[in-house]
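Naming follows writing order (A, B and C), and every chain is counted from residue 1.
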Amino acid sequence: MKFRRIQIGRHLRDKIHGSWMVISLALVMTTPVFLLVGLSVKSWLLLEENSIFTLLFSKEWKPLSGQFGFYPFIISSVWVTVVALLISAPICLLTSIHLTQYAKKWVLKIMHPIIDILAGIPSVIYGVWGILVVVPFISNYLGPFMGKSVSGYSILAGAIVLSIMIIPFILNILIEIFRNIPTELSEASLSLGASKWQTIKFVLVRRAMPGIISALGLGMSRAFGETIAVLMVVGNVTKIPTGLFQPGYPLPALIANNYGEMLSIPLYDSALMLAALILFVVVMLFNFASRLVIIESEKHA
Amino acid sequence: MENPKIAISNLDLFIGKQHILKNINAEIPSKKITVILGPSGCGKTTLLKSLNRLTDLNPDVKVSGSIVIDDEDILTTKRDITDIRKKMGLLAQRPYPLPMNIYNNIAYGLRISGRKNKRFLDKRVEHYLRQVNLWEEVKDRLHDPAAALSIGQQQRLCLARGLAVDPDIILADEPTSALDPISSQTIEEKFIELKSNYTIILVTHILRQARRIADHVIFMYLGEIIEQGPAAQIFENPQEEKTKSYFQGMFY
Amino acid sequence: MPEMNLKKIEEGLFRVLMFCSTVIIATALFLIIFSILYKGLPSVSWEMLTSTPKGGFYFGKGGGVLNAIIGSLYLSLGATILALIIGLPLALYMNVHLIKHQKLVNGIRFMLDLLWGVPSIVYGAFGFTIMIFFGIRASLLAGIFTVTLFIIPIMVRSMDEVLKSVPRGLLESSLSLGSTKAETSYRVYVKQCIPGVITAVLLSFGRAIGDAASILFTTGYTDYIPTALNQPTATLPLAIFFQLSSPIVEVQNRAYASAVVLVTIILIISILARVFSAKFHKNKINF
């Protein structure tokens, strides 16, 4: 009798656990839907009155008079992201090749913890560092060097801070990619008389190309969505930046800085939610495309 | 042996603490097919790869002894190793087409050594593709990615690619193990044709393949050469116990 | 041959560049930690760490950031535990129950990877929307909810990576002994991967405690240590952020000191995570 009760108990527990697992699965899988719906619903008010195109491309941001042109913020975001990628891409590519092809084992051993720690440093700390080191550097050295007198709070500052933030992320992916290339491919190239560098240039990098592109795509979307660190050094001035040393106002910073006033000005909350929605959609698209590239390339390898 | 193409003396190879090749002494005859035989793990692939110093790729490798190819000891030579490697083509267990189209796979070795003339390259590409019986199959799609070919075709492509750099020696590491019987047969027939112009060293664990094409045999076990000599002699009249047991199928 | 020299020069140039790149990255880390410590350590004091803000704190008078330290701990622990309750079963489900449906599992992994990429501010905005909808004020509860959403993909994927490596034979052996799938999951898989699971938890905790964007709208800020879930909470990242924007130097210095505290916590977590990860890899070789 007792045995049977234990058996029923076990099966019941199994059923409960199983059900909870399925519920978790459902919850997590529907999260993006909830995010999309939630943000869209809140943005709806604004979208009812203005077409999406006006909102995206209009340059006037005057919430008090009901004008919500997102263009300056989108442009700022694009600037900061692109420059950050321009800085970090070569560094990541060169370092990943160095670590996987040339460096001795102990170098890798030291670099691994360094990369992981960099990856774990919170955004706000990067921001503090940006204020302590990057901004003064730009205003005291770089600016005057280029003949400008600037406060340092600029697109460039944001891009520099951002580039260091995304480096560990991109680097880890690139290292994985280069590690996964079979050594026999290098051997084949070397047996044909190619030097190590020629092998890297013509064979390995080519083979890794889809992976490299996705890594950069993922890095870009990470950069696009980064909020606090950039906010602290970028200046937060609502105008279209015309140069690297000018301040900017990227989309995430817009949302973060104005949540306080959100509820007191009509349609402001819709506008900020729309900004979040735009961010969400852009990032998802980039991630989706990048990951698809990796999957497709792995199929053909 | 008169004028062996390769003379290996007292070769010892360690990977870390493991003694992989133990006091190897061997001679490889010129323009013949030499087969290195032995059970898995006996070191035959390592021996093959040490001949073009691909073993250098592994940082834990320590080598001593001498490998003399055409009167030059490649272990102590001052020449750049990439020049030496060009003398030898490598065919691996699985085809590893370079991530380029068919044409460029063959042209790669030539381009690396600085040949850029388009007509020259066109002619060479056709020549080598014909040599491995691939020309008719791919002449209309030379610019398709090499990865699109079947495995048998890819392996023939890799052979053509290796021949294009004009080696003296062809190193083949179980080249038919990933192929179907018909492609395997084609590769074997190619080797027999090629030996009039190239010295071929083939590693295999397929006894029947060895019997079919070997001129010279080296039998290895656990890192040592047990017996070596002309194929007829080894197959018909093996001297060592271990060799006899291997042929009788006692260990694989 | 001049051409050969050109190639050698190219290779040499790139090798120098590669070396410099690697050095740049290592230097960046040390620069960051060094500058934070340099500015912040002088202001770290026992009082700072153990008291809450007193009157005039924001004008440079007495008090400390204990409210933020405790608040961050409450928040991160809460979020990590909640994420664990949802995430561990999910990761196990993927690797045990769904083992025959690899396509579905890969689809789930893909979706999780997509979610991982969502910026924390989007979760923050969403959390805010939900808060308004349900009429909850900015509070510990809202913060926990938002941060949990944010760290679930991280936790599940990290655990999934670890659970993935359990050989199928173990699953088959367990089931053929008559275990139910749930028992196999919790008693076999988790036990096998304990160090890896702990690493995943630590990683998620680290992300939770450091993030500012998701809690900006949802958690509020207060000078007191929260005693209930519906109260607003101070957190370290926000403490740093708000204090830094003050014009008073004393307060700014406290921001740096708080940064030191946060960095220290993160470093400890990183080290612990590496220790457990190493333990896990040691065990893997047995198969």
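FYI, a contact is a pair of C-beta atoms (placed from the backbone, for glycine too) under 8 Å apart; a residue touches a chain by one contact, two chains touch by 3 or more.
Quantities reported herein were computed from a predicted structural model and do not represent experimental measurements.
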Set of chains whose contacts include both chain B and chain A: none
Most centrally placed chain, judged by C-alpha centres: A
Identity of the chain that, by mean CA position, is farthest from chain C: B
Gap in Å, rounded to a whole number, between the CA centres of chain B and chain A: 47
Gap in Å, rounded to a whole number, between the CA centres of chain C and chain B: 52
Euclidean distance of C-alpha centroids - chain A vs chain C, Å: 16
Set of chain C residues in contact with two or more other chains: none
Sequence positions of chain A contacting 2 or more other chains: 195, 198
Footprint of chain B on chain A - complex, ascending: 104-105, 182-195, 198, 202-203, 206-207, 300
Touching residues (chain side chain B, partner chain A) in the complex: 49, 52, 54, 57, 59, 82-83, 85-86, 88-90, 92, 94, 96, 98-100, 108-109, 112-113, 147, 158, 161-162, 165, 171
Chain A-facing residues of chain C, complex: 7, 10-11, 14-15, 17-22, 24-26, 28-29, 31-32, 35-36, 39, 86-87, 89-90, 92-93, 97, 108, 110-115, 117-126, 128-130, 149, 152-153, 156, 180-183, 185-186, 203, 206-207, 209-213, 216-217, 237, 240-241, 244, 255-256, 259, 262-263, 266-267, 269-270, 273-274
Contacting residues of chain A [partner chain C, same complex]: 10-11, 13-14, 17-18, 20-22, 24-25, 27-29, 31-32, 34-35, 38-39, 41-42, 90-92, 94-95, 97-99, 102-103, 107, 110-111, 113-118, 120-129, 131-133, 164, 167, 171, 195-198, 218, 221-222, 224-228, 232, 252, 255-256, 259, 272-273, 276, 279-280, 283-284, 286-288, 291, 295
